[in-house]
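Paired with subunit B in one complex and with subunit C in the other, subunit A is shared by the two complexes that follow.
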Partner chain A sequence: MKNSGTKNVRKETGGLLDTLIRIPEITIVLFIVIVSVFIGIQSESFFTTDNFVNISKQIAVNGILSIGMMLVIIAKGVDLSIGSVLALLCAVTGTLVEQNAPIWVAFPAILALGAFFGLLNGILVVKLKVAPIIVTLGTMNIYRGIAQVYSGGKWTSNLPDTYIMWGQGLMPICLLIIVAILFAVIMKYTSFGRHVYAIGSNEESARLAGIRVDRTKKIIFTCSGLLIGFATMVFIGRTGVIQPSAGTGYEMDAIGAAVLGGVSFAGGKGTVLGTVLGAVLMGLIMNGMTLLKISANYQGMITGLIIVLALLLDTFRNVYQGRRARA
Partner chain B sequence: MKKMKKLLAILLAASMVMMTGCSGKQADTPAPQPEEQTGQEAPDAKQGETEAPEAGNSMAGSKTDADTIKIGIVVKQAGAPYFDYAAGGAKKAAADLNAEIVSYTGPTSEDVNQEITFIEDLITQKVDAILVSTADSTAIIPTINKAMDAGIAVFTFDIDAPDSNRLFCITAGNAEESGTAIGESLAKAVDGAGQVALLTGGLGSDTLNRRLAAIEEVLADYPDIEIVATEACDDDFEKCVSQVENLMQTYPELKAVAGVSTVNPPAAAMAIKSAKKDGQVISLGIALPSQITEYVDSGIIPEAILWDPGVMGYDAVAAACDYLRNGELPTDGKDYGEYGGKIVVESGDSVAYIPSIVFTKDNVHDFEF
Partner chain C sequence: MATPLLQLVNIRKEFPGVLALDKVNLDIQEGEVLALVGENGAGKSTLIKILAGALSGYEGEILWKGEPFRANQTWEVQQAGISTIYQELTSCPELSVAENIFLGREPKKKGGIIDWKRMNDMAAEVLDTLHMHINPAARVSSLTVANQQLIEIARALTMEAKLIIMDEPTSSLSEHEVKTLCEIVKKLREQGISVLYISHKFEEIFELSDRISVLRDGKYIGTRDTKDASLDEILAMMVGRSVDMHFVARSTKKEEVVLKVDNLTSKGFFEDISFELHRGEILGISGLVGAGRTEMARGIFGVDRVDSGSMVIYGEERRIPMSPGEALKLGIGFLPEDRKEQGLVLMMSIGENVSLPSLAKNKKNFVISFGKEKEDVEDYIQRLSIKTPSLNQLAQNLSGGNQQKVVIAKWLASKSKILIFDEPTRGIDIGAKAEIYDLMNELVAQDYSIIMISSELPEVMGMSDRIMIMHEGKQVALLDRDAASPEEIMGYATGAM
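Coming up: the complex of A and B.
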């Protein structure tokens, strides 16, 4: 009797650990907790409302962009052009501001234009049958070049408040949450969402199973572009100016957030929640660097180390989970 | 597979073209461009100095005060407000110094081939001096040398072509000079006491680092000013906004932030504005007037440092006249009068830097660049 009792207990604890470890976001949550506690212990400014509002504003652009990136990576692609599309959309917004376009015209126009640039990426990927990394490497430079030529390198400042408001107070985080919930639902409950995972897991089987792979890919890139439109509005609201050199290197931050959140470059794996948490972790690290008074010279190195550590932990979790599954 | 390789090659080639296109374009922002070349110039400068007088022996001092000196100006982008101010300054100098600006031309968008054509036209016209701001420091070399061989005094301004035989470059943004100006503006703005933070574009930029060092040197004389942090934003505007937000969170007593890259002051001002800390924290540093007007008006940026391209044009004409009449090239501390100011020449270098000016509420609206 006694014997079997202990056995049961052991089984239960094992069960709890098993359940926890099966949650894909567990490592990133663990890391967020560790990093927060670490910063919080050393800086009294950390656990304050003001600081959380700051962090929420700072992660919004990357958070929104990384959801689009997640979609593309799950389908075993990557979109290197997002920073350039952001720059181009900024340049177009500059014209809209100069033409005194009201925000209810500008906002949808920018979303539509973003979706259009995304669709162009998608069409190129599908028609040329070239890997997305190469296509978007090309369009990255093309879009950036157009942004430069179109704007002549000029900045637009003195923006109306209706444009600024999207980057102020709680607006950025609200937009991020809305977009995240929308895409979480799409990924989980729509056939499009299931097709994205299917294409990423095995494109050929997906095709044989009757999934319209090309069409789905075009929609994926279109979604990514649409999200860049949202991110652009937050970005402009936050910076208060329109500069055509904006967004350089943002694709790397978005990839970083997605990968930290458990999105796999092998395709077919990843969640919206994980991706957003990835963006949160990146924002926390950046916030913590200043709060902990770390010299600018070390900031890049430390960020890199934390990312590698988080990924290592995730690899361990996968290996462990794999072993449990086999046992 | 073969098809793919071909495509890849084409795409890579295309992207390289775009990249070079972009880097050329960036020269539109006048701030970091001219100074960045100074590092590489040093070894070439001597060569330039030994060669140049030889080529120009006949022209040095060939004119008298009574001769009207004919000058042609070629800029990399005609119609850009920045160069229009430079041309305005040049005309002012021409009126003061008995010279004539016979032409002020340039391609509508940066195109070195058109620049070459314009210079060749000026050679045919037999002007006395040519002032060039080039779109391509390498491609322009043979043309500059050809003009020098034809007995025309060539000066570069704003953007240099250090490997050519040009006599001298008149440009702006000497790192030490502008850094010192920022340091003094900062010390004055905080009344010599309090917490301040410094902002920079990238840690890898020699110019920006030298500018930071010059600020620190000035502040060393103010024991009550504490530099709490130096943040680098990689010239990413949004990152700079975030960093200033975090700085204000970390240091509630922070009185001022000063930036050495043109991105910094407007980004810091935006962070201050959205945190509603106007009046508590101010933003200063190197900035383009057109990008900061709203913040200067609202007082978040009480003053900013840059240079006036008009002064650059003025000093370039003054240098050319001085050379043709007296055979003298610019030297350190040379005074070009009330408007032209005192130039800075680093020893052994053939680059003259015009002095910085301070932008305030009173004059920030006068400039459209």
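Coming up: the complex of A and C.
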């Protein structure tokens, strides 16, 4: 369905179900409302300003990462290394803090370094002609290893305020909104965005239409890396410490958000809006589980279940639309 | 005459918009080699699929040993005694020879465990009857294509097949291997096994077959006894007397050469191809499947790398494109033979499909102007009379003819003036075909130049100004339209001339 999802061109015969299938975003908004009401009834502290600011910080990190993941998945790939890149960028930030680097040096440096690691993933995918899931599985372990060795497992705290500020108050959610709008525009209004969808839908056709597929893939991974840079600054500011084990499992949260938001692993489908809503839904559920004092053991299980559910929904959507198209 | 082993009575098969087979009658006697010939698209493949049980929903009757026989599953057909050896091999390359021969019918010990020793012994036995000296435990991927094919024949023998259908079995074999295969076919006949032999190679056909049946445009044309038949007669039956599409006559081509290629070579696919394409000309490329026509087109368009050759475009020496993007910048457009998998992004709208190459070509278009895009695309929808409610319609919802027009529109929108069309009318109905022909005539009138690869003789003869014929990767003839006869073209294409 992708960008033009709302401009339906098929026969308007279906009812509510049809609309839900056609515009995945509506389904998520529905889920968000249901989950909010449910948690709100169970816990008094849910509908409070403090809690919302708290949720927004959590959502921001995953949301920014998910947008990068969305790009990769739309082009029929996946990036498993994002959690490790985040950890590595955290470690480098630690050094920058030790060296008393001012934030206007550190922030761009981290973005550039993130983009560089992303580009490296992209080059490997393009040159080795190996599936992104394999390449990034490798780099996931490599980047994580470098992060561990580089930092020597050491934690850094007492960060300067200029570093902390990116993860405080409404700053994280503002950054997420800026990044989201930027990429929503890129995906819809630039030829790069159009190429990403074309490659994901049918790489061979895209290549024969003259699109430089390899270069586009490198840019996609670079964007993912750049966004990890953003997420790193928010993450450090929010937690106030730098730890080499940061970001473990974040790739799964990002995949979860993207898939919940209607991004299809079959490629060629997905929107920034849907992805951000997916991240919001995941954030709400995590927050709810904490408020409702559900043990951490169950939390992982429940998140997993939700992701499986989202995948089922994706399959159902494809089957249903396939049937409609044939009818 | 005895009851035929297999008899086809008035077989008719229709695909949406295309009549693939129309009242086809065939019969095969026991222990007979029947050759089936016809142009590409004459309906041979459809017929094979029906016989193999891979295609249902046909009209007419099949009699097997005199009894009506209707099978919808491939395994039912195999059990009845008909085995098919496809042009593309269907063996599992990572399994052993014996495993492939007995796939799905492995001899078992008590308790369901595979009896490896017995399987290998039985495999060795059947290979021996074919005089093949291959270790049954060898992996199939380590064998030559010819031997892989023989494995399939061995498989058919162990299934006690009475009829073996061979679809172009020698298309990828060397001369020596062809001889071996011919010996084996003769041996099968001695054992009373019938063979339906589909091929383009007349040398083998005349050596092997007892009779020759001809199909043309889905119709059964006739059968001749091989010993009484002449090559000329069979060629005439294949191409028909009249080329009866009403194509328009064009004013003579212009002198200016827009594209010139010299000694284009890609080892194993095509060799030493040289031609000139004039402004406002349609250069038809004729040949059989596997002659290297598509590979050559892909080479010129930069999809696949070529080994050597040179290219001059609009009088300027250019390097041969290394990517489609580069070809696009030189002003070349390519309509691939598979429009659904290569020509279009089916999940995208008409508008998005049309503007893909323009966006890729021009950096100025980095920010998409939706207003201009809509205007441009609507203009092309009108000019090419693409039937669609709107430009937001997904490409997958269009009919074949309209899909093809969208592919053409995208190259026009990218301002490409040299167009390569690979089988532009494949799988689209007659009415839409005529529209595509009109469109092509209009394009050359506007000084576009077209290279048209086509397997349909009437199309090549009706549309082209000149016709280049390829056979096994080589350019064998370059004829003016008026100087070419269908028999001559078919003769060159099959290597008989």
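Here is the rule we go by: the second predicted complex is superposed on the first by the 274 of 327 C-alpha atoms of A that agree within 3 Å, B and C clash if a C-alpha of one lies under 4 Å from a C-alpha of the other, contacts with A are read in each partner's own complex, and residues count from 1 in each chain.
Just so it is clear, a contact is a pair of C-beta atoms (placed from the backbone, for glycine too) under 8 Å apart; a residue touches a chain by one contact, two chains touch by 3 or more.
Treat the numbers as computed from the prediction; the structure is a model and nothing was measured.
Looking at the shared chain after the overlay, A:Arg212 reaches subunit C, while subunit B stays out of its contact range.
The larger set of touched subunit A residues comes from B, when the choice is between subunit B and subunit C.
Of the two partner chains, subunit C is the only one that A:Ser201 touches; subunit B does not reach it.
Contacts of A:Met165 after superposition on the shared chain: neither subunit B nor subunit C is touched. Once chain A of one complex is fitted onto chain A of the other, the partner contacts of A:Thr290 are limited to subunit B, with no touch recorded for subunit C. When the shared chain is aligned, no partner comes close enough to touch A:Val319: not subunit B, not subunit C.
By the touch criterion defined above, A:Thr190 reaches subunit C but does not reach subunit B.
Residues of subunit C that touch subunit A in their complex: 301, 303, 323-325, 327-329, 334, 336, 341-349, 352, 355-357, 359-361, 365-368, 370, 389-390, 392-394, 396-397, 410, 414. Partner subunit B is touched in their complex by these residues of subunit A: 43, 45, 48, 50-51, 54, 57-58, 61, 128, 130, 134-135, 137-138, 140-142, 144-145, 148-149, 152-155, 157-158, 167-168, 235, 238-241, 243, 245-246, 248-249, 286-287, 289-291, 293, 295-297, 299. On the side of subunit A, the complex with subunit C involves touching residues 2, 4, 7, 9-10, 188-192, 194-195, 197-198, 201-202, 204-212, 268-269, 325.
Contact residues of subunit B toward subunit A in the complex are 4, 7-8, 11, 14-15, 18-19, 21-22, 25-26, 28-29, 109, 200, 203, 228-232, 234-239, 241-243, 245-247, 249-250, 252, 266-267, 270, 273-274, 288, 290-294.
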